[in-house]
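Here come two complexes built around subunit A, the first alongside subunit B, the second alongside subunit C.
Presenting the complex of A and B:
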């Protein structure tokens, strides 16, 4: 195989890599935002629970979570849809990302400051509306650089899906190595593809975040 | 519980591998990250461009790809043989150094200017100022970030399994496939990771509170 068709063989894995990372990022977002606000605005027992969730998900390797969900929950217990490797991987990364994003948003809430909340409450907004209309839009701006690097992390971690045989970029790279016996080109090519997937986005979000923060004086 | 006891020696061996690779990687990574951070800050344009490429390669690409490059590509190119353990030590050190460089540079920048001016004005040379004034303060502030780096490195060592490493995760997989107690095996392994990672992070937290200089914190 010439290098070009080798490259295109690997590139066919990129959509799957993107699907895993985008879906797990979104589930992390759906988990992380509520967890952060629960942690900040609700009582002690909730704080302890959120902290425990974060500690566990940040203290267990992503690979072990994937193996646990796929082989343990999916295949051994037969619980659908975890018997689908793609879903087990996405769910495992989503849970982990939820823990990370909860921390990112908690930092952002602190960055927005208590005064915004007090001002919103004094205008007569109930806490729930103040959170939705005042706090969340601003926390997003502060959280942007953090969210960018979290997304980049998910793209890189999605490569672990190859262990469960999901046909993404890494798995295709490995197949290429086994069929062509070329141990050099495929791996450098895929490392470069991952860099192309992570670098521009993280850099752009970083710049966008700091410009927006300056504009709004956050 | 019998099956766990039966597999304990194997799990213990795997655990030792995981601990060794993690500590080696994080400590040698620090040793490499300090010159990288100094080079980036004071080394001029060419040095800092080279360092940027190094960092972008290790931070931007998937860890599995890096492990494979060290396990398959480099031995082919250099015509040598490297076993998975050495690959683990080298790859995790280089990977961790790329991340730690960023943290240390950030910390050095935060203590840098006034302190540097003050140190130079009392007659220290630039090198002395870095060694005796900037670094001791930076290394204290960097502990929380360092603790996060330890955590993510400890977790990524599980990727050793992809190059046939016999680490804790691999031991768990062997246990799962031989006993068919799949859920229990992986839960047990997850628990070990959780306990040791949380313990070390707690210890670093205590260390940070012991050595920190009041009023001098990174506002990241």
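Presenting the complex of A and C:
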């Protein structure tokens, strides 16, 4: 196999890598935003619950979560769709990302400051509306650089999926090693691909967020 | 006899360690302008926020147009929509343009259709002479311009009273004039206002009554002329002297 076809063999795994990362990122977002606002604006029992969630999901190695969801929940308990390795992996990463993004957004809410909430309430906006129209748009701007790093983290962690046989970038790299007996090129190639997938977007989001913050005086 | 627009009776605000407002009663009639002044830390802002229902008083009642708003079960959001509030540190929404800032309450609280909200917001910006800056973000405006947008944001909601918490004290001296001029124009139109301010020249011109506030209590109240000629309390006298000295030095 010439290097070019080797590279293209690995590249066929990129869509799956992206699918795992993007889906888990979006589930993390859907979990993280509500958790952050619950943590900041609701009472003590909710704070404790969110903290507990964060501690557990950030404390357990992601590979343990994935195996638990796939073998334990999916295969042993027969719960669909976790009997599919792809979904088990994506969901496990999504849960962990929810914990991370909750922290990112909580920091951003602090950055926006209580004053914006008071100003919104002075107009008669109910808390929920103030959160939607005043707080969330601004927390997104402050959170952008953090969300960029989180996305890069998910791209990298999606590589764990190869252990469960999901045919993504890492798995294809491994197959290549086994079939060509070349233990150098496939790894360099996939390292290069992972850098291309993480670095430009994360850097761009970091720059965009910082610029926007400066522009808006946030 | 003009109607009472806002009133508080025996109002207290007690925090864990300090009592910010002690047994304050006052009322403001339609078209009236009352100006509150006093040393920093005397509880002026807390009083203003209690009157605007942004803070819940510990004891006592607040009435707006005869309706008691400190009873349980009152829809505070509905009440706040008709009480204008202008903040010392302005607190415009950073992510919205001047127009967006003024429109938000019209769209989301009063639920006006887009076109009507835009017209009303534009009119409010025109009133504070900020119409041509409508599409600028707060960070692109000077402090004085930002505060005028802050006033427009309150004004657009068609409030029956505007409460202003030191609207000029966070501004550079050369920017104060444009804000006090805006307020003068509102005063001329008969806008009911409760203003916390230490701009004494401005106070003398617009206020129907001045209230000297110290340590959470009303020390003295009366027409501005009395404060400028012979305040009856010693504390007010000394405070006035210092303020006037500072103003003439500038």
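Keep this in mind: the second predicted complex is superposed on the first by the 218 of 218 C-alpha atoms of A that agree within 3 Å, B and C clash if a C-alpha of one lies under 4 Å from a C-alpha of the other, contacts with A are read in each partner's own complex, and residues count from 1 in each chain.
Here is the rule we use: a residue touches a chain if its C-beta (ideal position, glycine included) is under 8 Å from a C-beta of that chain, and two chains touch if they have at least 3 such contacts.
Small disclaimer: the values here were computed from a predicted structure and weren't measured.
When the two structures are aligned on the shared chain, A:156 is found in touch with subunit B, with no touch to subunit C. In the overlay built on the shared chain, the residue A:204 is in contact with neither subunit B nor subunit C. Once chain A of one complex is fitted onto chain A of the other, the partner contacts of A:137 are limited to subunit C, with no touch recorded for subunit B. By the touch criterion defined above, A:217 lies against subunit C but remains apart from subunit B after alignment on the C-alpha atoms of chain A. Of the two partner chains, subunit B is the only one touched by A:170; subunit C is not. Which of subunit B and subunit C touches more residues of subunit A: that partner is B.
When both complexes are overlaid on chain A, the residue A:12 reaches neither subunit B nor subunit C.
In the overlay built on the shared chain, the residue A:68 is in contact with subunit B alone; subunit C does not reach it. Within the complex formed with subunit C, the residues of subunit A that make contact are 115-116, 118-126, 129, 133-134, 137-138, 141, 215-218. Listing the residues of subunit C that touch subunit A in their complex gives 52, 54, 77-83, 85, 87, 89, 91-95, 104-105, 108-109, 137-139, 153, 157. Interface residues of subunit A facing subunit B in the complex, by the touch rule stated above, are 55-56, 58-65, 67-68, 71-73, 75-77, 152, 155-160, 162-163, 169-170, 173-174, 177, 183-184, 187-188, 190-192, 194-195, 198-199.
Residues 56-57, 60-66, 68-69, 72-73, 75-77, 151, 154-159, 161-162, 169, 172-173, 176, 180, 182-183, 185-187, 189-190, 193-195, 197-198, 201 of subunit B are the ones that touch subunit A when the two sit in their complex.
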